[in-house]
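Below are two complexes that have chain A in common, paired first with chain B and then with chain C.
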Partner chain A sequence: MEMNAAGLAELFLYSVSMWWLIIPAVFIGILMGAIPGFAAHNTIIMLLPLTLAVDVDLALTFMVALYCASHLGGGIPAILLNIPGTGGAAATTLDGYPMSQQGNASRALALSFVASISGGLITSAVTLFMLQYLSQVGFYVRSVEMVVVMLFGLALIAAIAARDMIKGLIAGALGLMLGAMGADHIYATPRGTFGILELFDGVPLVPALIGLFAISEALIMLESRTIAPAASARAMPSWSQTFREILGAFRHWWLMLWTSLLGLVIGVLPGAGASIASFVAYQQARVFSRTPEAFGTGHEQGVVAPEAANNGVTTGTLVPLLAIGVPGGSTAAVMMVVLQFHGVPFGPRLFVQDPVLAYGVIMSMFVAYVFMLFTLFPLTRYLSRITVVANYYMAPMIVAFTLVGAFVPRNFMADLTIAVAFGLLGYVARKTGYNVAAILIGVILGPLLERSFLLSMRISGGDWTVFFSSVIGNVLWGLLAVTLLASPTMNLLRNLRSARNTQSKMEH
Partner chain B sequence: MKQTKLNAAGRIGRRRFLAGAGAGVAAAASGGLLAPGMALAQGFPDRNIDIIIPTGEGGGADRDARAFASIWGNHLPTNFQFGYYPGAAGQVGYEFYMSREPDAYSLIFANLGPEVIMLELQGTGITVGKDIVYVQQTLSEPMAVWVGPHSPFRTLEELVEEGRRRPLTVAVSRLPHPASIGMLALGEELGIEIILVPYGGGNATAMAAITMEVDCAALPVTNSIVLADQSLVLGVFAKENVAPEGTDNAPTVNAALGTSLPALTSSRAWGVHRAAYDAYPERVAALVQSMSATLADPAYVAAVEGTGVPPVFIDPGNEAEAMASAQATIELARRYRDLLTGS
Partner chain C sequence: MSDDNPSGRKQVGSDLVIPVVGMAYAVYYVYSVWEFPPEAQRSGFFLAGMLVVLGLIFFARIAVLALRGQVELEFHALLGPPEGRLRRLGFVGLIGAYLLTVQTLGFTLTTFAFLFLGSLVAGLESIRRAATFAAVAALSGWLFFIVLLGTRFPIGPFETLMNQVMPWR
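Our next item is the complex of A and B:
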C-alpha cells in the first residue's frame, strides 16, 4: 500500500497539473466556507451532479480542494465580523474578533491563513506517510474515550467562565440543555421538541450558529459606525506590512504543529469533527500558554490554535474512508457516493486496485494547500478592509446572507425561525454579559457527549466504571484533570510567589 | 497501473472536464440528474420529481436511490431532486414527506424493513396503505450478523458460545430494525442475553464492528458486502444465502444454530401519498411504468453492480408485492413489539 518517493513526486506533479481545477475549487470553497450554512458538505451536495458527470479523479480533486478551502474560509468572517462560517471556526471568534476590533484584522487574517495552510500541509504530509497507523486510532479511541475527548472540549466553558464564573456556567448549561432537545439516541423518543418536527433531530447547528453569532452580531453592529477603530479606516496595510505579518505568523510554528496534529487525530475519530478539534485545541493552547490570561482579549495564539486544528481535521476525516472504507464525516460520506457512483472501490481495496487515486486524494489536499499559500496571502491586505465598511451597510447584508444560509442545509422554513430565535437569545446574552460561544459549545458538544455516554453505558450494561476501564481512557482522564487544575494551580503559585516577594521586600 | 492512470487522466484534460462540467452545471442548476440528450416530455412530469430519503446522505438508501435514478432518467424525462431528512429512526423523513403536496411529484424512497417497523412502533399516526402506498419494490436483501476482520469470532457458533458466558453486544443501526429483531429473537431462542447498541446509521454501526467496540454487528447484508475484507459475515437471516460469494459463503442462521427464526429481509420501495394515488392515477401509472422499465433495463443491473450491491438482490415487485412486504414487516413488528420497546 505504500508508495516510494519517486511515485509520490510524480503524484505531486500530476496533482499540480490540476491547477486549473484546484484554484477555482479553492475560491468556491473560501466563499462558501465564509457564508454560514453553505460550508463544504452542503456545497458538495449542491455540486454533486457536476462531480458525478466527470471522471472520478477530477471529481475527488475538486471536492477535496473545495473541502480544505471551506475550512479556511470559515475563519474569515469569524475574525472580521465575529460570525464563524462553520462550527469549526467558532473558537476563532474568541480572539480573532477582538483583534479586528483593535484594528489588527489584517494580522489576525495572516495568522489564520498561515495556521490553516500550515496545519493542512503538515497533516496531509503526515497522512501520506502514516495512513495505516492513523487508521488504527479508531481501534483505541471508542465511545468511552470519546466521552473524555468531549469533556476536553467542554472544559473551554470552564475557561470562559473563569472571567465571570456564574454567567459562564449558566451560558454553558443553557447550551447543554438546548443541545438535549430532540429524539433520544437509543429509543428515538422526542424530548423537549414541543411537537415541532424540525426539532426531532435536535437543535440544528447551522441556524443556531447563525442566530447566536450572525444575527445577534448584526444587531450589536448597528450600535457603532464600524467594527475597527476609526483611525484604522484611513490606512490599508502596505504590501511590506502584509508580508511582515505573514512572516511573523510563523513564530507560532510549534503551536501550529501540535494543534494541527491534534486536529488530525480528532478528525480520524468517528463522530468527532472540526468543532470539537478547534474547541479542544483552543483550550489546550490556553493551558500550555505562558500568557493564558491574554486569551479572549485578542491573543495571537487564540487564532492560531483553532485554525490549525480545524484544518488538521480535514485530512483526518478522510482516513477512515480511505483506510477502512467507512466515511468518518458527512463530507467523506458524499465523497463515498461519488466513488460508488463511478464503481470505484473504497477502503483497502482502493489502495490495491487504484493506489494512484487513493494517494492522489491526499496529495490533492496537499497541493490545494500549496496553491492557497500563493493565492490567499495577498487577500489579507484587502479583506481586512471589511472592518471599516459602515455597519449600516454590513448589518442588513449579514442578516440576508446568513438567513439564506440557515435555510440551505435542510430546506425547512422553520430553520429561519430557529435562527431568529437564537439571534434574539444571542443578543440578550451579549447585552447582559453571557458568552454566546459558551452557549454554542454546549449546543454542539452536548448531543455528542450524550451519544458517547449512552453508547458506553449500553455496552457496559449500565456499569459506570466502564469509563475508567481502559488505559487510554484513564490517561485521558489524567490529562483532563491536569488541564483543569493547571490554570488555578499556576495562578495560586504565582500569587504565593508575589505575596512572598512583597513580604520579603517589606522585611527588607 | 500508475502509468495507465496518469495517461488516462491526461486524456481527460480540460476539454473533457469542461464538457462534463457543462452537463453537470446544467443538471446542478436544475437540481438533479438529467440524462444527456433527453428532452422533457410535454405531459407528466412537467417539472422535477422530488425524492425524499428519510436517512442521511451517503447511506445505503442514498446509494440505491441514486443508482436507480441514474437509469430512471432514460425512461422518465425529468430531473430528480434528492432531499435527505434523517432523524428519529426515519420518522422525520416520513412526517416531512406527508407534509408535502400529494401530487405524485414527491416520492419517498423507503427502506421497508426499519421504516415500517418505526411507523408501527413509534405512534407516528402514519399508516401504511391508508396514508402511503408503496407502488414499486426495487431491491430486497436479508439481514446478516457479521464481525470485523480482527474479531476473535470466526463462526456463528463461536459467537453464540461466548454469548452463553456473558451478554453479547451487537451494533445495530437503530432499534426498530429487522436486524435488531433477528438478534433479539436469536437471543430469546438460545437463551443468551443480547444487548443492542444503536449507532444511528449503517456507517457508524459498521465502524463499531470493525474497531471491535462491540462483539458483532447486525445489518442488511449489503453493508458487509461493500466492505469486502473489512467484514466477515457469520450468518444470514434467510432461508438461503443467495449471495455466497460476497458473504464469505456464510451459512444461514437457522442452518448454523438449528433455530427456527423467520427470514428477515428489508426491501427498498418507492412510495407515494395515498391522496396522490387516488387523485392522480394516471401520474402514478406513468411513474410505475417507467420504474418497471428501469428495473428491466440491463443498464440498471450494471449500475447496481457498480455500487457493489450483488444484482441478485434486485427484486422487482409490483404494488401488491411491495405492500405484501410491508404488511409482513408490520406483523413482524407486532410479534416482537415487546422486545423492541422493552415493555
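Our next item is the complex of A and C:
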C-alpha cells in the first residue's frame, strides 16, 4: 500500500473497522486516566498479557487508543476535584477547578473535551502528512550519530523530566548499565549477571517496566487511604449543562490550533512529556491573551491551552519512536517493549518493511479521537467516582495482575522475582527523586547504545575520535553540552544575583 | 534532596542509596569483564566510567553541603510516613510470600490469598469484604488470564480441579 491519499483513505477505513477494539480501549483509558498517578503506561502494563497475546496491529491500535483517552480522562478529576489524573493535566487544575468552584464545572469539562479531541485530531492529521519526511531522518543517523542521539535523549530526560539534573543523569546511566547486562555482542560471554541464568539474555524488559512503574506505584499508593476524599466525588455536572457548553467551546479554535501544535513539537523531544507541554502552553496562552490577569481565576483559555497541548504531545512522543527507535516518553517506551516483543523494527527499516504499521499507529490515533467524539460524553458524569476507590483494593490488585504480565513473555518464574526487584528499585528511586522513566529508557537503550558504540569503534579501528567525525553528531554533541550546562549555569547566575542583592540591601 | 526535617537541614541519606548501588554494580560489572579481550571491554568501561563519574559528582555536592552544615544523613524518606509503616512492610512481605507459593498453589489460589491478606494488611477492616473482593478478583483474573488468554501461569489445585470439571476447555 502506498501512502498517498488513497492509501491513507484505505488505512482510515481499516482503522475504523477496529471500532470494536478502539471503543473499549477509549473507555478503559478514560477510566484509568481519571485515576491520579495511574497514567497510560501503567494501564498498558496491566494489560500486557492481552497486548502480547494478540496480533501486533491489534495490540498497537488498542494501546494507542488507550493512550489518547487516558490523556483526556486526566482532565476530569483535575477539573472536578482539583486532582490531576495525569501529569499532563496538572496545569488544567489552575483554571479548571476554580471554574468548578464557581459552578461552571460543566463548561470546564466541555472545554476540556473539545480542546483535547480537537488537539488530538489536528496533531495526528499533521503528523500523518509529515511522517514521510520524518521517516527519512533515520537514513542520516548512522551508528556514530545514534550513540550521540541516545545520550542526548537521556540527557534531555534528565534535564527536563527529572527535578534534579544530576539525579536524572545517574538514573539514566544506571539504566544503561543495567541494560548492558547479559551476553556481550562479540564473544557471547555473560557480563554482570551475578551468575543468574535467566539474565544471560540481558534484563527482560517487560518485568523491568512492570517493576519500575506498576509495583513501585502500588507500594507508594499504600501511603494514603484513598486517592481523593470521598466527599469530593459528589461534585458532578448535569448533562444538559455539558452539552450546551460544547458548541460554545469551539470559539477558542485558534488557541486550540496553536497550543496543540506546540504540544506536538514539545512531545517530539525525548523526556519533555505532557506535563511540561501543558505548562508551557498555559504560560504562552497567558502571554498572548488579551486578559492575562484572568488566568488562575477560572479562565476558559486556561483550560483550553493545557488540554489541547497535552493531547498534542500524545502524537509527538511516538514520532522519535517510529522515526529513529528512541522512545519520546514513558508510554512510548512501554509501547516499544511490546513492539519489540512482536519483532517490529524501528526507524527507516520500519518504513521500508512495514509502512502500513508505521502510518497505522498515527491513523489509529486519529480514528480514536474521532470515536471519542461520539462515545465520550454519555459516560463522563460517573467517571469522577473512580477516584474514591480505596487504595487497599487498588494496590494488591495492581501487584497481583501485573505480575502475570511479567511472566507472559518468557514463561520464566524468575521474571516475577526480577519484576519485584525492579519494583523495589523503582520505589527507592521515586522516594528519593530519581526519575524512573530515565532508568527504564536507559535499560531499553543500553543494548542499542552498546551495539552502535561497538559498531562505530569497529568501523574506526578503535579510534575514539570517530564520535566527533560527523556534522550531525557534532551538532548533537553541542546540544548535549548546552543541555547539561544550561541548568547549573542558570543556578549559578541566580545565586550570584541573589547574593549581590542581599549585599546591596545590607549596604543600604 | 529527599526531605526537610524540623532542624531545617536536608535529609540526604536515602538519596545516596541509588548512586551507591549503581556504583557498586558498575564495579562488579567491570570485574566481570576484566578478563575479556579489549574490544569486548570497551562499552562496559565506558558505561561504568560514566556512572562512577556522575556518582562522584553527586557525592562531591553532598560533601560540600555537609561541610556547610546544610544536610544530615537520615534514611526516613525511604520508608515513607511513620503511619502505616508496619503495614507497608507487611505488604512487601506478602509479595515475597506470593513469589514463594505461586508455583505450588497456582495462579488462582495464590492470587486469592494475596488479595485477601493484602487488602487486610493495606487497611481494609472487614474480613467479609476482603474475602468477597479477593474471590471476585481472583476468579475474574483466572477467567481473563488463564481461560481467555491462555497464559501458561503455574497451575495449582484450583486449576487442576477446573480442568477436570470443564475438560472441553
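In this text, the second predicted complex is superposed on the first by the 261 of 508 C-alpha atoms of A that agree within 3 Å, B and C clash if a C-alpha of one lies under 4 Å from a C-alpha of the other, contacts with A are read in each partner's own complex, and residues count from 1 in each chain.
Quick note on the criterion: a residue touches a chain if its C-beta (ideal position, glycine included) is under 8 Å from a C-beta of that chain, and two chains touch if they have at least 3 such contacts.
Note that the structure is a prediction, hence the values are computed from the model and not measured.
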{"item": "Partner chain in contact with A:T375 - chain B first, chain C second, else both or neither", "value": "neither"}
{"item": "Contacts of A:V404 with chain B and chain C, given as first, second, both or neither", "value": "second"}
{"item": "First (chain B), second (chain C), both or neither touched by A:T417", "value": "second"}
{"item": "Which superposed partner A:S289 touches (first chain B, second chain C, both, neither)", "value": "neither"}
{"item": "Contacts of A:Q101 with chain B and chain C, given as first, second, both or neither", "value": "neither"}
{"item": "Touched partner set for A:G7, first chain B, second chain C, both or neither", "value": "first"}
{"item": "Contacts of A:Q340 with chain B and chain C, given as first, second, both or neither", "value": "first"}
{"item": "Partner chain in contact with A:D55 - chain B first, chain C second, else both or neither", "value": "first"}
{"item": "First, second, both or neither for A:N391, with chain B first and chain C second", "value": "second"}
{"item": "Overlap of the chain B and chain C footprints on chain A, listed as residue numbers", "value": "49-50, 53, 186-187, 190, 411, 458"}
{"item": "Chain A residues touching chain B - in the complex, by the definition given at the top", "value": "7, 10, 14, 20-21, 45-55, 57-58, 138-139, 142-143, 182-183, 185-188, 190, 197, 200-202, 270-271, 320, 324-327, 330, 332-334, 336-337, 340-343, 345, 347-349, 354-357, 410-411, 451, 455, 458-459, 461"}
{"item": "List of chain B residues in touch with chain A within their complex", "value": "1-2, 5-6, 8-9, 12, 14, 16-17, 20-21, 23-25, 27-28, 32-34, 56-59, 62-63, 66-67, 70, 83, 85-89, 91-92, 95-96, 99, 118, 122, 150, 167, 169, 174-176, 195-200, 203-204, 206-208, 210-214, 226-230, 305-308, 341-342"}
{"item": "In the complex, chain C residues that touch chain A", "value": "1-2, 14-15, 17-19, 21-22, 25-26, 28-29, 32-33, 36-37, 39-40, 42-44, 46-48, 50-51, 54-55, 57-58, 61, 77-78, 80-81, 84, 87-88, 91-92, 95-96, 98-99, 102-103, 107, 111, 114-115, 118-120, 122-124, 133, 137, 141, 145, 149-154"}
{"item": "Interfacial residue positions of chain A with respect to chain C in the complex", "value": "49-50, 53, 166-167, 169-171, 173-174, 176-178, 180-181, 184, 186-187, 189-194, 215, 219-220, 222-223, 225, 390-393, 395-397, 399-401, 403-404, 407-408, 411, 413, 416-417, 420, 423-425, 428-429, 431-434, 446, 449-450, 453-454, 457-458, 462"}
